[in-house]
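Step one of this worksheet: look at the structure below.
Chain lettering (A, B, C and D) follows the sequence in which the chains are written, and residue indices restart at 1 in each chain.
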Amino acid sequence: MTNTQLSLIQIDNYGPWTVTPEPRREMDLQTLQSRLFADLAQFVGSRDGYVFFTRFDNMVAVTNGLDESDHELMQESIGNRYPVSISLGIGVDPSPVDALETATTGLQRAGSAQDGDRREVLAGTTLAERERTPTDLQIAHFDVNDATGKYTDQLNEFDSFIHIEQGYASLMRHLREEHGALSFFVGGDNIISVCPEMREEAYRSAIDHVEGDVGVELKVGVGVADDVQEAGMVAKHALEECRHRGTVVEIETPRPDVELAED
Amino acid sequence: MTNTQLSLIQIDNYGPWTVTPEPRREMDLQTLQSRLFADLAQFVGSRDGYVFFTRFDNMVAVTNGLDESDHELMQESIGNRYPVSISLGIGVDPSPVDALETATTGLQRAGSAQDGDRREVLAGTTLAERERTPTDLQIAHFDVNDATGKYTDQLNEFDSFIHIEQGYASLMRHLREEHGALSFFVGGDNIISVCPEMREEAYRSAIDHVEGDVGVELKVGVGVADDVQEAGMVAKHALEECRHRGTVVEIETPRPDVELAED
Amino acid sequence: MTNTQLSLIQIDNYGPWTVTPEPRREMDLQTLQSRLFADLAQFVGSRDGYVFFTRFDNMVAVTNGLDESDHELMQESIGNRYPVSISLGIGVDPSPVDALETATTGLQRAGSAQDGDRREVLAGTTLAERERTPTDLQIAHFDVNDATGKYTDQLNEFDSFIHIEQGYASLMRHLREEHGALSFFVGGDNIISVCPEMREEAYRSAIDHVEGDVGVELKVGVGVADDVQEAGMVAKHALEECRHRGTVVEIETPRPDVELAED
Amino acid sequence: MTNTQLSLIQIDNYGPWTVTPEPRREMDLQTLQSRLFADLAQFVGSRDGYVFFTRFDNMVAVTNGLDESDHELMQESIGNRYPVSISLGIGVDPSPVDALETATTGLQRAGSAQDGDRREVLAGTTLAERERTPTDLQIAHFDVNDATGKYTDQLNEFDSFIHIEQGYASLMRHLREEHGALSFFVGGDNIISVCPEMREEAYRSAIDHVEGDVGVELKVGVGVADDVQEAGMVAKHALEECRHRGTVVEIETPRPDVELAED
């Protein structure tokens, strides 16, 4: 069974800051947002977690392996180097969307995202080291079949982009509604989903749904491990297996003795 | 009438690079993608252009005011500081999607995005200084009404995100299909669209469409100028007008004597 | 004759900021300082200027080709993206140290570097476009003969470093006292000097002085042009000539018709 | 007694890379060097170590608390995101200069810094967790008395810089020759030294030496701990004590029960 630790990262009072005393140059905001995300990706990534840029002022991170002091350090370092500060909410649950619900609620209780006084909240509790297991994370890495051949080298970039976005929108809704899984577009034609325990049929079914819904063909590699870096890397390798074998779904665990339990 | 100069920025051979000799750490890829985008945003932004992250391996920039030597310098500087290189295609047209079509075709003719030999292409011609006019760019800045109150402070972050994504997907398709306008999510609850000449009814109509389609309420500020930095800043101020007045559409030009021509 | 435009970049109130409310993590300060420098290097460098990190809270830039609005934009962009702001002083003079004197005085008149109220000063006047000439900048690029063979591959890194530092300290003092030239260590075993008009004997003399003073052997390439990027690149190529020919001083101008005037 | 773990970070084949196929834009090299340093400062700093930029192509890090897998990860991440790679040598010794000697020798044995084939060496052994003690690191944080009043607000920036450089050069040589301590300029008027066990008289003596040698007046805060982040932060607080009390040397340990042993 999975046990996902999710951390919601929210920039404090960002909306008002971007227009006070008056609107700031858009490219400076884009630069700040992207570099803040990159720094968080490095900090969390070097501890074997993942961060997804999501809405940039709100970012979702998978943080199995990071404890409260890691979260505090992340906050302190950002506060020292940026003109904004961040609040963090943490949640742990076998269901990713429920973990995020807990993380979000922790922040919401402390105050609004645009509360002029709410700064650097740290809410929630991390998963204790002794409670971690080799099946805590199930990560699925999807990509679009032959995106380069079908879209990038054929259509103008915006129409390629619309196809990818539709595929993403369809998959994100289906996986969240059917399984409580959270899906994130990560660039190119790639989507990474943080899943609860799901079996092969669930992935085939999701892929069929997206093809029927918007006509975009996906394939997927799935990995299971005790942290998201390892599960995600196993998923990447599984996706390469799909590419080489011409298959649609490949599921791998790093430890062959670990069985995916029935749900 | 508008005259949009768009530059398509494409990382050379990126798909293969990310998995050769074997898949790279996802957080390193996220960091590289984001920081590359940030650098382009600063380079183009300091010359009064805009860059949108789009798919990260393919990015769309509005580059009225940048000439061929600016594009060459951008390429050279990236080539000196990143483990990847970029190819650039440029197009100019009153219709944004047609400008992007030209830009994309210029690149596609030079070779596939995954062509092992295609590196640092520079295709297309920039708009001559003497041909620029005060109505070349029409920029619309949309945001979701009371996103913080309705979503961020109420739902878990993923469900807030789904709502924003649906609003974006609906708007992007409508504006592209009806007007050839290109829309980009820029973080938070903000979408910026690069538009051809459009009048107030077209914006009201787009907003009504999105509300009917997915139940997301938008408002918009629109600006017109000879470069996207100015048009976009005017649009931001116009959006603040919406916020203060409680209106849905506000259109402003920096030069009161400039009339929006009939289409 | 040279005509150097120098801009002094000073972080406002930095000393107090680094210890308020209490001392900040050193590695966060190092990161902020280095990335601020890198951003300025990109902004100024993309306009064919140079920035030297100097003391990090005070940086010296060669800005022939940048006007007041470029300086204002640089300030605005930094102010939007960092937790600190910068003040700028500009000076123009055939003698680099005198240009810097003017730049520094302009700032000092506006208030102390640690004045809690002084923020984002912009003092001084840039060189008018019509007054620029092909001999405005004379840039010398020095490196240590066989640094890798003599130091890096032989001594422990700190003792290599001490040798390079001694060579730098000796050269910087000599060139400033004898010629009003400003020298900056730029990494490795490289020093770049911003010089007034100086002839070959002056460079040989400086090299002899450093060898006699501290036993470090230098060679130098010199370039002359209307902007520092071009003069500096010519100097780099001239240094490669030294390397290939085994010479000690190589002086090149990009335009063979330009004579170095007598001093 | 101290026990310093130092890691030497060396960019592979950098000299040749900067001029192949021909010399690269100086500002791009400066940007690359500074951002590489900043990334290392964040990686090492978040594990409670320090990195000093030193010569940028060769950097010295204090890495008590980082093990071999941390070093490997640092190398892998840099290799994924930069156009250059890094080699690492590690050494542990009560004397900082001897630790660096070991670290450097480990690299030198594997091949020259400019060896076209040497890439991503990892030489040496880290300090085992069970062998760490609360007095492993002794860190001294020096600054120049009233640098702002005496230099920054009075002289042109280069002459201020010359004074600070002279003070640094004098201190770095004295501490290395007398004690095997390694000193690094970290910006502004600040120097951080990695020291072996040294008592108050040794610091007073160093300060007197620098004043007599070059006329620059220093004060110092010293901290002792099991990692450099803590020792360094204690040293910063001790320096604030000097500032408030008007004293010249302040030595603090975070654990009052820890005595500085006699040497």
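By our rule, a contact is a pair of C-beta atoms (placed from the backbone, for glycine too) under 8 Å apart; a residue touches a chain by one contact, two chains touch by 3 or more.
All values reported here derive from a predicted model rather than from experimental measurement.
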item: Chains in simultaneous contact with chain C and chain D; value: A, B
item: Same or different residue numbers at the chain A/chain C copy interface, by half rule; value: same
item: Identity of the chain that, by mean CA position, is farthest from chain C; value: A
item: Chain A and chain D: spacing of chain centres that average the CA atoms, whole Å; value: 37
item: Centroid spacing, where centroids are CA-atom means, of chain B and chain D in whole angstrom; value: 44
item: Centroid spacing, where centroids are CA-atom means, of chain A and chain B in whole angstrom; value: 24
item: Chain D residues counted as touching two or more neighbouring chains; value: 25, 28-29, 31, 35, 42, 45-46, 77
item: In the complex, chain B residues that touch chain C; value: 39, 42-43, 45-46, 73, 77
item: Touching residues (chain side chain A, partner chain C) in the complex; value: 24-25, 28-29, 31-32, 35, 76-77, 80-83
item: Chain C - residues contacting chain D, complex; value: 8, 14-15, 19, 22-23, 25-31, 33-35, 37-38, 41-42, 44-46, 49-51, 53-58, 60, 97, 100-101, 103-105, 108, 112-114, 148, 152-162, 164-166, 168-169, 172-173, 176, 182, 186-189, 192, 229, 232-233, 236-237, 240
